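Take this structure first; my questions come after.
Naming follows writing order (A, B and C), and every chain is counted from residue 1.
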Amino acid sequence: MSTTVDQVTLLARRSVLRTWRNPAATIFPLIFPMLLLAVNSGGLRAETHLPGFPTTSFVAFALAVPFIQGALFATMNAGTDLARDIESGFMNRLSLTPLRGAALLTGQLGGVIALGVVQACFYITVGTIAGVRFASGAAGIAVLLVFAAFVSLAFGSLGAFVALRTGSTESVQSLFPVFFVFLFISSMNIPRNLIQTTWFRDAATANPVSYLLECVRSLIITGWNGEALGLGFGVLAIIAVAGLSLASLTLPKRLGR
Amino acid sequence: MRNLSVARAVAWRTLHNVFTNPSLVIPQLAFPLFFFTAFAGGLSRIHDVKGFDFPEGYTSFQFVFVLLQSAAFGGVFTGFGIARDFETGFARRLLLAAPHRTGIVFGYAAAALCRWLVTAAFLTGVGFAYGMKIGGHGVDLPALYVLAAIVNSAAVLWACGVAMRLRSMQAGPIMQMPVFLVLFFAPVYVPLGLLSGWIHDVAVVNPLTRVLEAGRSFVAASPEQVGAAYGAAVGLAILFAWWALRGLRKAEAAG
Amino acid sequence: MDHPNTIEAEKLVREFKKGPRAVDGIDLHVDPGEIYGFLGPNGAGKSTTVLMLTTLLPPTAGTARVGGYDVVREGPQVRSSIGAALQEAALDPLLTGREHLQLQAALQALPRPERAARATELLDRVGLTEAADRKVRGYSGGMKRRLDLAMALVHRPRILFLDEPTTGLDVQSRTALWNEVGRLAREDGVTVFLTTQYLEEADVLADRVGIIDHGHIVAEGTPDELKAEIGRPTVEVTTAGVDGRVAVEEVLARFGTLVPSSRGVAVRLETTNEAGLAEVVRALDAGGLRVDNLELHSPTLDDVFLAKTGRSLEGHGGDDE
């Protein structure tokens, strides 16, 4: 009888393998954020001339965005994989085995976290090649990797919840525009204090994604900013707790237990 | 005449499916609206950058880009529908039923244009509600919409050619990515003169830059580069019409 | 120029890249108004042949003329002359049955005033009037097949291709479809090219049958001709006791050749018709022999296939190439 650790490892490996064998799921999360970074860095470079802009390098400013875009892809990957298992009947097959429900969720998310960390390494490498110097140094990069893992866990669990609740890949994919909106109506392209339009600034201030971006940005541009780090990790913790709780509550029903 | 009949039938079915299906209509309206809000609302401070001298304001500046973007992506979304038709086998039914198959391609293109016209009307209304200013008496505006309509046709013909070659939903990213790159390697956020480095060099050779700059000049009531813009747009449309029809032949050969 | 409702193929070949020849030089001639059954196991090349004849797949070699038009050079004319219901119904789940028919009518350039009436007429003919204005995603498999047939008939084609039209249908729906196909051929003079895996379907419907295997036509003729070609009926008698068996063997040997039987005594009759059975019964009765059971086995198309290819057709199921 396999232990929980065995089961988690098995399912995490399966999650990684599935993503790896699907080029669109592997290459797109790596390439697309970098394309957007290149485009925005070039197109918005003039923004660095605005009084109060925190850095002279727009690449350094914009590098925070891929880490959060990675969250979007984590959600889609975790959710889509689980939803496909449900639609195809594979979930029924799993529920007839001694597999523990917690192991299923942990394994699935474990795979997503592993991929999230790989993505983060890629973004850091590209940023470094593009001339970005991390103000927080090597320790800050380590914290950034932990943050990336945490982001994948938090948003992956939301995707998993939607998949378990609806059992539909289409429903999971409908999360894409929702996250997109949260990403864009934030401090993604301009610092919050420089947003001129009042309603937009207010929306960005209320948007939790702004704090996630600012947390990453602080490690890249500022160094060690306790407030930004506290807010970023705090928001992430809330999302992770909410996502994991919802997913855990929904899982037994899906497994018929 | 038979081609026209086929085109009308294909266009009718595509439009019928889109406009009776909220999950297809809402994204086509919501995404451009969303981009407009994010760019015009979030980045309006760029108006204060030294050298930014667009007379009608940043909202109008971004409206032109979002209009062209909606035209381009409107074409791509119709391309997704074509790929889905192949994947479900419905395209085979069209190939079998249509005596003259060229009409199928033009039917899809006509549907894409009609879809986009609805989006354009919606976006224009929102733009004005948001305080968009139009220079002069607005007589140049029709020229902007005609330009955008040609961009829409070029985009749908591009997507159609891809869909007919790959004949599966996996064609989606291949349809989308080049269009995204062409759009965003143009002067999206600031005029061409304020770009520098590699992005400036790329934007200079990007045909969409002519279209975008001409579009903005229409809004500012001082048309510039009109010939180059229309030439680029029409040239792309002709090129992708050839691409789409070749794709049709490949789809026929594959059975 | 006269364009008869014929289907002709000469040395028709279809080869796929990196694959075997799905159709390997077949010759066909289907007369006007004939129902031609194209029978074969999975992967034999039936659907590939249909795709070529309906201009959906170009042949690699050979020629084919449908309705008098060349399938390669005169595609539009071929498509105007034919209707086809292919293996997959390929319907749009977002359209209603009526909308499908109107779309088909528009594609075939039926005059606008006629389209609605034609749709109503066909919906009635295939028994879908009540479901006409419901979206197809709510239709059963049988309803989809019927709609598919209706769509193939919208423009009153002279030639109809049906690719496994009754696969997955219940008995009632199947019989209804057979009746409709038979009526089209008899009353409207439509030439029907029908592919099927079901022996009974070919037996009941087809005027002539072509049997295809591995891309070749291995036999062709009317069902009776084909069956007669390979065999005569067999009578099988089951008796109680060994003594009874010996006596039965002596009687049956007078009517033909004794053949092995696991259940009793069997004889292959010398006559090809079943009148011989009556004589066997009379002879057994005259001999005062008690029999427990007596069965007449006529050759089937499966027997024909077995004789021609060494394999049985029955038991093959699933999708063709």
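Please note the rule applied: a residue touches a chain if its C-beta (ideal position, glycine included) is under 8 Å from a C-beta of that chain, and two chains touch if they have at least 3 such contacts.
From a predicted model like this one, the values you see are computed outputs, not experimental measurements.
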item: Least step count from subunit A to subunit B, where 1 means the two chains touch; value: 1
item: Chain whose average C-alpha position is farthest from subunit A's own; value: C
item: Chain at the geometric heart of the assembly (C-alpha centres); value: B
item: Rounded Å distance, subunit A centre to subunit B centre (Cα mean); value: 30
item: Centre-to-centre distance between subunit C and subunit A (centres being mean Cα positions), rounded to whole Å; value: 57
item: Centroid distance [mean C-alpha coordinates] between subunit C and subunit B, Å; value: 49
item: Subunit A-touching residues of subunit B, taken from the complex the two chains share; value: 23, 27, 30-31, 34-35, 37-38, 41-52, 170, 173, 180-181, 184-185, 187-190, 194-200, 202
item: Touch list for subunit A against partner subunit B, complex; value: 24, 28, 35-36, 38-47, 49-50, 174, 177, 180-181, 184-185, 188-190, 194-197, 199-200, 204
item: Subunit C contact footprint on subunit B (complex, rising order); value: 1-2, 5-6, 8-10, 12-13, 16-17, 20-21, 88-90, 92-100, 252-255
item: In the complex with subunit B, residue positions of subunit C that touch it; value: 51, 54-58, 76-77, 79-80, 84, 86, 88, 90-92, 94-95, 99, 103-104, 106-109, 151
